[in-house]
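Multiple structures follow.
In the two complexes below, chain A is the common chain; its partner is chain B in one and chain C in the other.
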Partner chain A sequence: MSRWRYFGLRLLLTIPILFLAMTLVFMITRMGPLDPVTAILGPEASGGASEDIRQRLGLDLPLWRQYIDFMVGLLTFDLGQAWVAAQRGTPVTALIAERAPRTIWLGLWAIMLPIFIGVPLGFYAGLRSNTFGDWIASFLGIVWQAMPNFWLGIMLLAVLRQTRPGNQFDFLPDWYELGPTTESLLGTPDLSFIAIDWFLLVPIPTMFDFFGFLTALKQITPAALVLGSALMVSEMRIGRTAVLEQVNANYVETAKAKGLKGRTIVWKHIFRNASIPLVPVLMSEISILIGGSVIIEVVFGINGIGQLFYQAVLQGDLPVAGSLAFVFAVITLFFNVLQDLLYTLIDPRVGFEQ
Partner chain B sequence: MAVEQEVEPTASQSEAILEVRNLQTAFYTDRETIRAVDGVSFDVVPGRTVGIVGESGSGKSVTARSLMRLIDSPGQILQGSSIRFTERGTVRAFAEKFPKRTVDVGKLADKHDPAVLLERPDVDANPRTFGKRDAAEVGLAEILAAGYADDLGIIDDTDCVFVTEGSTDDPTAGFVEVTRTSGEAKRLMRGGRIGMIFQDPLTSLNPVYTVGNQIKESLRLHQGLRGKKATEEAATLLRAVGIPDARRRLKEYPHQFSGGMRQRAVIAMALACEPEVLICDEPTTALDVTIQAQILDLLEEVQEERDLGIIFITHDMGVIADITHRVNVMYAGEIVETAGVEQLFANPKHPYTQGLLRSIPGQQAGEKLETIDGQVPTPNEKATDCRFAPRCPKAFEDCEKVHPESVSVDEADVDHTAACLLYPEELSRADAVEYHRQRGADE
Partner chain C sequence: MSNSNDLTEGDNTNRRGFLGLLGGGVAVSLAGCSGGGDDNGDDGSGDDDGNMSGDDGNTSDNDGDDDSDGEVAEGGQLNLINAPVSTFDPIASTDTASATVLGQAYENLVHYPNGESELENQLVENIDISEDNLTYTFTLKEGVPYHDNEVKDELTAHDFEYAWRRLAEAEASERANFMFGTGFMIEYETDEENGIGAANVAPDSLGIEVVDDYTFEMTLQEVEPATMDVLAYDSFAAMPEGLVDDIQGYEDAPYSQNEIAREVTVGTGPFTLDNFESGSEAIVTAFDDYHGEGPYLDSVHWEILSDDEAIFTYGMERNADAIAIPTGQYDQGLVNVEEQDDRGRDVGTYGPVENGDTLNYIAVPTLSTFYVAFNASRVPRPVRQAVAYVTNHEELINEVFKGRGAEAWSFTPPAMWPGGADAYNDFVDQYPYGRNETNLDQAQQVLEDAGYTQDDPFEMTLTTYDSSAFQQFARLTRDKLSGTGVEFDIDEAPFNTLIQRGENGELDMYSLGWIWSWIDPAYGLFGFEPENTNTDEIPENANGYYLDWQSQLGESEWADQAQEAWERAQDNPGPDSQDIRDEAWLEIEEARQEDMVLLPLYHELGESFRYDWANIPKIGGLGGHRLQHNRSWLDEDAPNREP
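Up next, the complex of A and B:
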């Protein structure tokens, strides 16, 4: 099957890309403007103390040695230790393991928006093109997309704060009392409602607390709403165009001429074809979500890897910043591979050479 | 007024399984109304091929889509159009399946007197439809045919099966009015009774499903076949349309088929629905010449096997000569000439047909190919003149004043009609013009 050979080829191609990404990370962190010694000791550092630190970090070694150490470290998931501030000495893997679930929690709910609202809404608008419903959806979509993420985040926070009794928006339900009571709009969601044991790379939940789940969900909702909204709109608009393109396709007329029901034509014939252009957009934007989560985590005070990355860069914590850049690259590559997989599954023409 | 063919009950016409009468399809846009099909009438007979030929924009494809009920908004089949499916098995099956949508015309005639109905003030009985005729002469069947029964409230909105015998249990004569079908009746008619294959085989199959999947979809829908049986039948069909190694081919996707093979697969898909009538809308236009000939042969073969009535639409006179038995020449939404294929090619009567035949390439080597100057007009209103007159070399003054009706070209050949003021041949020009004027006023 040439489809699967094509997929295998794409999978193999990720290896050189990964190496290239790792090398880039090394070059940027080592050759960039950040001086770790200054970062650790402050701008006045000099003399023996700074030499000492240089030696301890291995910065006195020749660059090629540093490069090999770095690459081997990444490949064996020995990401080194944090250099600066509060986390000094903590292994980077531990830092990531602690914070990544929060970012995943955020991204998971953010991606629900494009998948379960954006795509269906776009398909709806496409199937009823040039009706009032389509017009409203498209118009609101453009307005929504015109609002930058961070601004939307700040506005949402401002409105939600004012839902307390006696405030400007108290005609809305009090957000703090809605569902599980929360103290603050900001902050890191508590993910201890679930405990997971790993069995041969398969996660097995050993404990689940529904109330805790609700609380964590409520805590993440405003951030996820903001993070997912931009994606939601772009999926909507692409979904609309994709469906419109398919509705007028000749095979749809053939299907009608067969006597198929309108519902079958839409669900079986149109949707699968229309979803083909959605896949790359969704996948590439999931990668952007990670970048976007840096801003959102800062705005909403979520202690995830986005914020960790932000602090590490500001403080010149090279092992953390470099490792996270590597992690982001791996995630992006993963979604690229996933995209190829989905393509291969949805579209039989993939890998077809004439 | 619409072109009404002289319906003389010849042997072939009485066997017709699909009778199209006064079909009018219009598209409404903000700027204009386009009467794409304007009063087309013809019959389809099992085992025979009726051709519809004309330039681009003459309304051929809209005619085909109207028969399939594939006209979407802003298009509309106008009131007074009639597409009757008279094949007995179909009428019986529909009467059984939709007893509530079946009308016994005999019983209806007992209940309602046409003369009384036409006097009713709440109904705008178009005087042009029944002319100056005495109300007593107008039968109930005619009122039904003209599409007023709905307005008169004597039949329901959804009624679409009409039987003429007293008992609905065994309707031996009757028809399904295709223009009135809706919902399930419409879907059963599509594909199951009237199949259609389209111009471009490259795009008329869904690229993401296997050919087998798409054929089996038809089999499940119209023959209730599933699973292994369906696969078996689909392979048989592929073999029947000349695709070797059918079993393996079923599992392949459309992009793995060549153009000719795809058209064969599309034909197999249409045949899987077991239609009585097959509409072929330029099925060979997108294919190269050798493949064209193969597909035409294949169509003739399956026609013979299944006694299919074929409507063949093309702008290619050569293909028309090759495959059809009877030809309708369309121009600007109207049928301007109709005749048996030999008769038409040997003795074309309408100046448009004559022009078309002269512009077939390759007849006289070395000579400059003749063309018909100008373009097909877009009809926006009911015709009050001859739409071909501006391009017609034989046009005279009256052509712009009188709408030519479809008349027999001469007394000897009632099967050959033309919508042109030059005919009937035996009349003098002035008499012929008067004859057309009179016919137009009557209808």
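Up next, the complex of A and C:
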């Protein structure tokens, strides 16, 4: 099978997967323990009042009917209105559109960490395996990976908020005055530094404020640091192993034998081959980023999609929780497809049979 | 009902308990309410005997902050923290976070100033109650201006009729049932065809009659002594007639319910909504023509945060003027109580905190009781008693809550104990399970007598909601009882799930809490009437606690006593029968304790932590969400005065 047919088949396969994911989401939200009526009324809901609300939310309809409405709604991107979370009655699409850019901003900077620090560090360690530098990097990496995200977030908050003069960590630079002055470690970054017009689906920036950009970057940095750190370490470790494998490969011997310069061997041969296992890891980590953003946004008070999801699930807001789970599924699938595409481009050997 | 351990202005995640009496209710001291001139609205509320402080109930004027030296600095923005807000429409308001904000913009006939326990007039000037206690005539204050809007400039009686019609008829109303049953029974007509909601209320049929611009009458179907207390609930707030287009006859109104829910507030309050970004912040700005005192501030800003660490960080950064200290960061040793004021509040300082500042500290026992309860048909009495024997309240509060709570020896909080403080102390003295001690021997004895031994134990599950505190209680109790005749399983369920399982009668033993919205023992004890605890009937036809105590009627003298006492109280609703009802309440408490269907654990402590520059009235036991900021002000040197 040609690799493009392989790719097309993978693309087709996403349709049943998406369908299955949506069904699962429906089953989990509707048949699970979430009860939006109790969430709205509190525990002192009287029978009559809860019946009224049940009716208004459409929860009194038979389950198959709710299922069809749910699926049709998702497919036509008519995601309904929020029941409980945030603002009752707000269209879900509006909620998502308002908050998505902040989560994207967070994810964008979080992914920088594994790409620009994790991978290079791993390659470095791999090329200098079993040296002191390698040991240090590997040791610190394992320790770093052992620290859970939420804990790291809390620690970072505790340290940074005490960097003002006269506080416990004032030997560190005062975070609040470092670069653009900020009032709080918490809060949603102001993304109005850039204005975008859409021209036939092509975004065209019409305004850019560099200072505003720096402020928004500083505001997101602690959260991005925490969110990206776990990925950074796993990229580093996989990068190290991959390079190590290539360094000892026969073709490297051959290259050396034919007199290629060390630099050429490393850049043209080792790195390209070593990056093959990194691609799927990086792509699958997108879903880890999405999951992680739920906790990180809550800890850092960022009003993004993750926090919205958190609130929605806590309160049994089925339209919001369901729609977000659907959006997360679409994003994850998209990156899976992208991964296949990149795979096909990088590695000519990819196909269904071997 | 709440899983928060600190009830402060910054931590408003509680659902408000609100449930009136089923049926008749209990009339208290309605006599002498008629007559003009008296601007104290608490006459009909029957809460006088609940106040143990001996205070005369006058909370007016400068009962604000001790720090005020008489000179108020005007202007500036007060910065606070709030939990996620769900709506600004009074008729849709069910949570304290929403109430905190919308209470700045909307006002009622009467209110509990600063969450203290005595009702005061807000928009009403005089209340006349008929001989039969069924017709209330309200005379409104004249010349009360509304926030700038295109419909109306001043408050009139028509506005209450309109606002209450919305509460009864609008689709968005979450509290219509307060008018037709669980609150009080206002007169209305039903309409099978066009009726609205569960009550089938016919449009424009409420028993409200506007007499003139400043007078209206309300007619109830049954005597309800807590009527004025119910009317203090924020869903009964005034709103200009014809503002929203969601009830019949007002289709041309300028606003939709969605807009009223999240963009616009038009009330008579000291502030009006300026900016709201859901999940980020809410800002209200001063209404200069406010009819009452103040407001001194230019605006109030709430940062919306839900994570404990985030809340603490925001406070330590001095970004909020009044902050919350999560229990994880709380240190009992930093509390320095200087005095106890005449309302039983501890006033003092807390600190120095992490950033070096020392905060002003106020602690007030809230009208709440957190408990574990048993399903009497699933768990036999000796086992229930054994749990009570091994429970050490003091140990629990110190170890689990770092001292942030008061030991609960009764379900009804001491502040509203029938008969007052002495009667309460007598009741506590007779606590049969050993106060603040672990009586393992007696627990073992009572289990052995019933035939439960280590080899043949009774097995049961304690289900708590998502609360590390109750989980800790569960583990403590399990460890204490291990090796005796009780085999203890621990389960944790989300709040909503717990409620559902309770309603299905599937819980052996569970943890919950009850928060009073006003001072009346009946509004809490109704849940113990054995007939009302039948989980087959909950939630449709009964609304008691999930005890299935009715299964013990005829078998347990205590269940019979509770049933009989409740009925006696119901049969004696008259103003002269207070003694009879007080005795009945006591008998219910006694029956609960002897049969041990419910073990009260602690009354939550409402704590406030304010920076020195923030001058905010002290909150009362009904909670900070009742606090209006018209009298709050900031020192000139407050760091965040300018937004």
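To be clear about the criterion, the second predicted complex is superposed on the first by the 345 of 354 C-alpha atoms of A that agree within 3 Å, B and C clash if a C-alpha of one lies under 4 Å from a C-alpha of the other, contacts with A are read in each partner's own complex, and residues count from 1 in each chain.
The rule is short, and it goes like this: a contact is a pair of C-beta atoms (placed from the backbone, for glycine too) under 8 Å apart; a residue touches a chain by one contact, two chains touch by 3 or more.
The shown structure was predicted, so the numbers you read here are calculated from the model rather than taken from an experiment.
Asks: Chain A superposed: clash or fit between chain B and chain C?
Replies: Fit: chain B and chain C sit side by side once superposed on chain A.
Asks: Based on the superposed arrangement, let me know which partner A:90 touches: chain B (first), chain C (second), both, or neither?
Replies: Only chain C is touched by A:90; chain B is not.
Asks: Considering only touches as defined above, state whether A:99 meets chain B (first), chain C (second), both or neither.
Replies: In the superposed model, A:99 contacts chain C only, not chain B.
Asks: For A:56, using the defined touch cut-off, is the partner it touches chain B, chain C, both, or neither? Pick first, second, both or neither.
Replies: second
Asks: Between chain B (first) and chain C (second), which does A:272 come into contact with in this model arrangement: first, second, both, or neither?
Replies: So A:272 only meets chain B here.
Asks: If you stack the two complexes on chain A, which partner ends up touching A:14: first (chain B), second (chain C), both, or neither?
Replies: neither
Asks: In the overlaid three-chain picture, which partner chain does A:154 touch, first (chain B) or second (chain C), both, or neither?
Replies: Second partner only.
Asks: Let me test your reading of the model: by the given contact rule, A:260 touches which partner, first (chain B), second (chain C), both or neither?
Replies: After superposition on chain A, A:260 lies in contact with chain B alone.
Asks: In the superposed arrangement, does A:241 touch chain B (first), chain C (second), both or neither?
Replies: Neither chain B nor chain C is touched by A:241.
Asks: Of the two partners chain B and chain C, which one touches more residues belonging to chain A?
Replies: After superposition, C is the partner touching more of chain A.
Asks: From the CA centre of chain A, what is the angle out to the CA centres of chain B and chain C, nearest 10°?
Replies: For this superposition the angle at chain A equals 150 degrees.
Asks: Taking the superposition on A as described, I'd like to know which of chain B and chain C A:303 touches: first, second, both or neither.
Replies: In the superposition, A:303 contacts chain C only.
Asks: If you've got the overlay open, could you tell me the nearest Cα approach between chain B and chain C in whole angstrom?
Replies: Superposed model gives a least chain B-chain C C-alpha distance of 49 Å.
Asks: Tell me, which parts of chain A touch chain B in their complex?
Replies: Spelled out, the residues of chain A in touch with chain B are 249-251, 253-261, 268-269, 272-273, 276, 346-349, 352.
Asks: Okay, in this complex, where on chain B does chain A touch?
Replies: Within the complex, chain B touches chain A at residues 68, 70, 187-192, 195-196, 198, 200, 203-210, 217-218, 221-222, 253, 255-256, 266, 269-270, 273.
Asks: What residues on chain A touch chain C, complex-wise?
Replies: On the chain A side, the touching residues are 33-35, 38-53, 56, 84-90, 95, 99, 153-154, 157-158, 161-162, 164, 166-168, 176, 183-188, 298-301, 303, 307-308, 310-311, 316.
Asks: Can you tell me which positions in chain C touch chain A when the two form their complex?
Replies: Going by the criterion above, the answer is residues 1, 15-19, 84, 86-87, 92, 94-95, 171-172, 174-177, 180-182, 197-199, 257-258, 261-262, 277-280, 303-307, 309-310, 313-314, 316-317, 319, 354-356, 493-497, 499-500, 512, 539-541, 543.
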